[in-house]
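We call the chains A, B, C, D and E, going by the order they appear; numbering starts again at 1 in every chain.
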């Protein structure tokens, strides 16, 4: 009983902020996406679906989707897979687990912008540690590999500015940065699996680690996995810092790293074209919503136990 | 054929010695309970038997085979866990099927998608086995449900079913009923007894609830401090405990214990009254144990006391009496109809036949009662 | 002065009516237990009394004051929870101090840092009160510990202490012992009784464990389906239940119930045997209840049966008998020394004095036994 | 005590940090009561422009800002920049301060002066003579005069084992190098509201670029990386704004740096070149005359006299102010031949054209993306690219 | 019996160490470069800590100082420059202020809401929780634009408010804390009510202390996100260095194209990245415990 109105004070501020900060902007963005509003102008014209039409017809935006999906569909499976792998390995260790845990989590803690600058050094075509290291391999058996031989003959790839490598390099950094986060979530998930289940599996006759994994670990990590995958999707859809750090202008060689967040930034912030920026925002939101709804559905459907 | 034998099993966790040279022989087909206070090592012993825990020393033999180094899955024992440990993502049928799949299918036949395709016939046979067991346990209509959709008692039965399908050498159970509510517990107790009677497989059953141990088992092992203090038939243990610790642990309300004396002649004096001569006992201080039901109210009883506290359980009243002239409190069982009121003065008798005499070290002193002086 | 009275308390959660016009009067200083099966509304009733739950209808009166609309902290009741609900981050002393601080200090005096500075004297006085209570409960040496560092029994006492410091009008307890192990439970039972005897404050005690209810309370209310079925002294309820539901709920093992007939003359026939005439009963089908301890084995008993199952509890053996010529199973209490073996044929008697007769609606039919035909 | 603080922001920290460090003590001496608070530097002129536009909306404008010459118009259109006429009117001998008309014209819109140019640049060629020597070029007169010669030189350098023979600044701010090729053919890039890439000259420019990038096997590196690679001595020829001479000289390794005229499309050399650089604009929103006056004092100081002279000393830019040029001793350019090239090219100086309207920055980006596609090899058919770019940019300008 | 064999353990360590090397590579680069002179960086010499030979600071000479006064030790030069060229201390301070206020406000807003959703019964509770779940779908980055316009229209850009306001509501925080509060027994709250606490003081005196592990997990999520955030400060802080957060501070060095500043730049990267790493190491045990306890959906 207590104070019957107490709940108003409890949820009031949160509700108001939720509306002002999260919901209202969506309405504003939705409205703006049908105009050609440019920041600083006093008014804007209604342009109907023109912005959306551009997004789905112009080649630039085709590149945007290409880059975004390439990034997302590489980074998500890799971060989830590596996160799970690392968590399983670390969890099965008798000693030093803490050390690896801390090391793998370091990239998550570190400002991506700072680390992007460092990676830029590491990938630097001439003074970078990566190509420098690769060059040391020249003259060894590695030259048997044509790609390597080519690198030795002239230069190793410009990892960040070569159209064929850029998106993969940026994705690599995304994976490097993100898998530790998933690892921690999986570790948390693993501690939640009752030890009894493993013993039951053992008593039921499972003998290989693989059987144990299939019978207990993986299914029990179901809810964690759904959560991890969704978070990973949202996080990789939001990739921005690396792209801005490496390619402040243009979104990478031939726009091959022109991801959606950067496109929004470029259009709306760099060029003040709020209308088209808002339209990309809406498309972006649409993607994320669909993904998360799929996740909810999966959670509801598959993991309704415990 | 499938008798189980544990020899000088020793186990420590760090510095703490949990099992201290335990020996235990279980005949084929018996229902054996391990009882004892919390932390005495019951679960550890069971887990060593299952192979889930390694021994520090000692051997585990099943049938004629030394399985001390054999991994659990190869011992052909089935275990029912206190938490049931059902796979929450699998249906009841799948839960019960799992041990069969693990045993009878090859690795490829167990592969996720193609597995079921290439092993249709085999799976069908196994499913039939599951159905048969489900019928026995009356859970056929639950087969498609997930464990989360079952009540405690139903889960219990599924856990049993999963153990039964395999036709194991023995069932190991670690407090399988302790998660159930009182009524269901009583019910499941009789179901388990019934099941054992039908299957005739060895049951090794861990509990700290003595009612379970007393009512269900053929043999009962009382454990304390990492040792088996006594192993025998439940009623023997109740009637004839080897030590004060066992006597105190078994029975509710607990046995009355009274510090007493034996003089040079072997005469036992309890609460100031002589209880007759006992042969073979030298002069010493002893502890005498007598159960509440063996003290009887009687107007002419030799002992007197004042009712300090009454516990009326409806069927019985337990009177806590302060014995006249002594600080001791004894608990006497009385029938509700004739139970005296609080603060009443009563008299009671003590049958020397039921006296249990323990030495200073807590060990039972088995003495012949020579003077047949019957208690008045 | 501080009697408690609940009038036509009604409460629904959504569609489900949980309390259905409950009336209850508790005299000052009594120890009252609420018993009943899980979900019958015991906790809800207690929480309504405490003010933690609002009523849909009805009034709560404490002393002469209608407190139906008063907030919990102003009712001056203390509550002990099943989970103890100690503040895990506060020491034992702070836990016990909290209700006093809340009651006696102003808002500013409770402020984190400056609070203690400006209310030194007051806090000192309150701490003294805590110390006194701690002494009573023998937990003085635990005062600086956190709840996480205490055993179950110790936590229990701290929870009690937190309730006691306030000198409440009444103690409300919701299954305070159900988290303890069997031995500790028995011990705490007598401690609570003792405490009540000393404090002479009203106790309202919720439990689903009838042993607790029977042994501890002055008055016992049996609840079922949102109603109080019977309110009275525990042994009265055991002996003289008003309905079949109450009879069945109280007593373990449960009362034997046998479908029987009364003919035009008022003669009751149980298991084919006539049990004599009962005045005031017309011809009808009835249910007869008789407790296991009122069935006695006897070579010459009128009834015969076969032992289908034995439960040996050491002090007693409960025999489940299949009555000759009937499908009914009755449970008979026997002494272990004389208990027949499984499958043995036995005879037993049934005292018609102890027969409880219930109508088809489950209500007790209170009838005078006219023919004094004693059971053979 | 009545200290006035004004806020100021400029682009290209690597070029101008030194310049302002040199100016500040002089300014403080002249105006001890004015404090200049520096905002974070703009990354480039696009960033400078858009930052100002956004700050205008938020009411957070600095008092004085440095804007690319091609980005002044939009600030004037939007009413963000303040006309300087009233301040100029109050100056007794404004002309004597060295502001001559041709330079003022660069910041004059609608017959009013809005911007005072601060630094002027032109595209030039940078040569690492040690590297060039491997291609047999040791004398200034042997340096390539046309792009075809550049390509030929690249071949020689590559044959001599130089990995990176040449870098061409296609990615410089404001499509400046595209405009350089267009002006080389004496054609503007924008005529009124029309994008002029769909002309023969436009196609020729694109094709010239492609020939260069292919012929020199030019790597696609970011311009900052290119500058540092050149400074490190890894690149033989770099075509870039003269602005960087100061920065390159500061950080270069042990080699001989020579700058030379920008090569032409044809033998005669370029017919015109776009003027780069930036101008100071007054964007103060303050109503306080003291602040406005302080801002004007600062603005005037850096664009004239010792202030402007510091530009020449520390960067490769030419100060657009005669008085400043007089301060710099005549022998300055003799002593700093690398900085003299742009001065020699002064007669070619043409307008650095803006893309009109709200979409100016977007248009710049579209062209940038197109040019990048040539470098990365994404586009092979220049005619197709020409058509695509023209259409898309024209769309933005309408 | 179930323990692995020791060669198996060794293989696991080998794999994990290989992973650790790749993970640590940039940190290694960052640290060594922050110790080295420009020449050592350019030529990839000097080992891990650099030779620490004096080198000539050209910049200093350009400013007209004599050569002897411009000889510097790389390590000292890099870190001193990091702190002097950009007011790094100020940025760290700003980072602290911004992340601190964000976290405190998030907690102040989210905790009562989470409490109400978990423990109070009121009409519309399910709807509010549904709304929370819905808002969980909205990545704040995606609505940055309209938010920015709103702030701009209010004249709030270039202020601490702009850095803090959009993050004051954390639906994730509400969700996380609500899940945790669900596990707190009702009895505890009822006990507090019986003791005379108001709902308000229950939240701060009972729920908050019990929720410390979950709060730690949330703190790490929140602080990591906002200390490291580059996107949002980049948008709302246009030029006023007084408001720069640490990641923006790095921009100051990014503008440099001449390579002299690699050392100082790496030094500032180290300075920016370090605080969180240290904080995490102190909090890590409870962090994992916190997410474990609060459960995920």
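FYI, contacts are C-beta pairs under 8 Å (C-beta built on N, C-alpha and C of every residue); 3 or more make two chains touch, one makes a residue touch a chain.
Here the structure is a predicted model, which is why all the values come from computation and not from measurement.
Visitor: Using the contact definition given at the top, which chains are in touch with both subunit A and subunit D?
Guide: Chains in contact with subunit A as well as subunit D: E.
Visitor: Which number of steps is the smallest that gets you from subunit C over to subunit D via touching chains?
Guide: The fewest steps needed to get from subunit C to subunit D is 2.
Visitor: With chain centres set to the mean of the C-alpha atoms, which chain is at the far end from subunit B?
Guide: D
Visitor: Given the contact rule stated at the top, which pair of chains has the most C-beta pairs in contact?
Guide: Answer by contact count: the chains A-E.
Visitor: Just how far, in Å, is the C-alpha centre of subunit C from the one of subunit A?
Guide: 59
Visitor: Using mean CA coordinates as chain centres, what's the gap between subunit D and subunit E in Å?
Guide: The mean C-alpha positions of subunit D and subunit E differ by 38 Å.
Visitor: Using mean CA coordinates as chain centres, what's the subunit B-subunit C distance in Å?
Guide: 28
Visitor: With chain centres taken as the means of their Cα atoms, state the distance from subunit A to subunit B in Å.
Guide: The separation of the two C-alpha centroids amounts to 56 Å.
Visitor: Touching two or more other chains, which residues of subunit A qualify?
Guide: 2-3, 39, 127, 202, 269
Visitor: Touching at least two other chains at once: which residues of subunit B meet that condition?
Guide: Correct list: 51-52, 71-72.
Visitor: On subunit E, where are the residues touching two or more other chains?
Guide: 2-3, 42, 152, 193, 254
Visitor: So in the complex, the part of subunit D that touches subunit A is made up of which residues?
Guide: 43-44, 46-47, 50, 53-54, 56-57, 78, 80, 163, 171, 219-222, 225, 229, 232, 234, 358-359, 361-362, 365-366, 368-369, 372-373, 375-378, 388, 392
Visitor: Write out the stretch or stretches of subunit A touching subunit E in their complex.
Guide: Where subunit A meets subunit E, its residues are 2-3, 6-7, 9-11, 13-15, 17-18, 21-26, 28-29, 32, 39, 82, 86, 89-90, 92-94, 96, 98, 100-115, 117-119, 121-122, 127, 129, 132, 176, 180, 184-185, 187-189, 191-192, 202, 223-224, 227, 234, 237-238, 240-241, 244-245, 261, 264-265, 268-269, 274, 277-278, 281, 284-285, 288-289, 292-293, 296, 299.
Visitor: Report the residues of subunit E in contact with subunit D in the complex, numbered from low to high.
Guide: Interface residues on subunit E, with respect to subunit D: 42, 58-59, 62-63, 151-153, 155-158, 238-241, 244, 248, 251-252, 254-260.
Visitor: Looking at the complex, which residues from subunit C come into contact with subunit B?
Guide: 38, 181-183, 186, 190, 193, 208-211, 214-215, 234-235, 238-239, 250-251, 253, 291-293, 309, 311-316, 333, 335-336
Visitor: Given the complex with subunit E, which residues does subunit D contribute to the contact?
Guide: The touching residues are 9, 12-14, 18, 21-22, 38-43, 51, 54-55, 57-60, 62, 223-224, 227-228, 231-232, 247-248, 250-251, 314.
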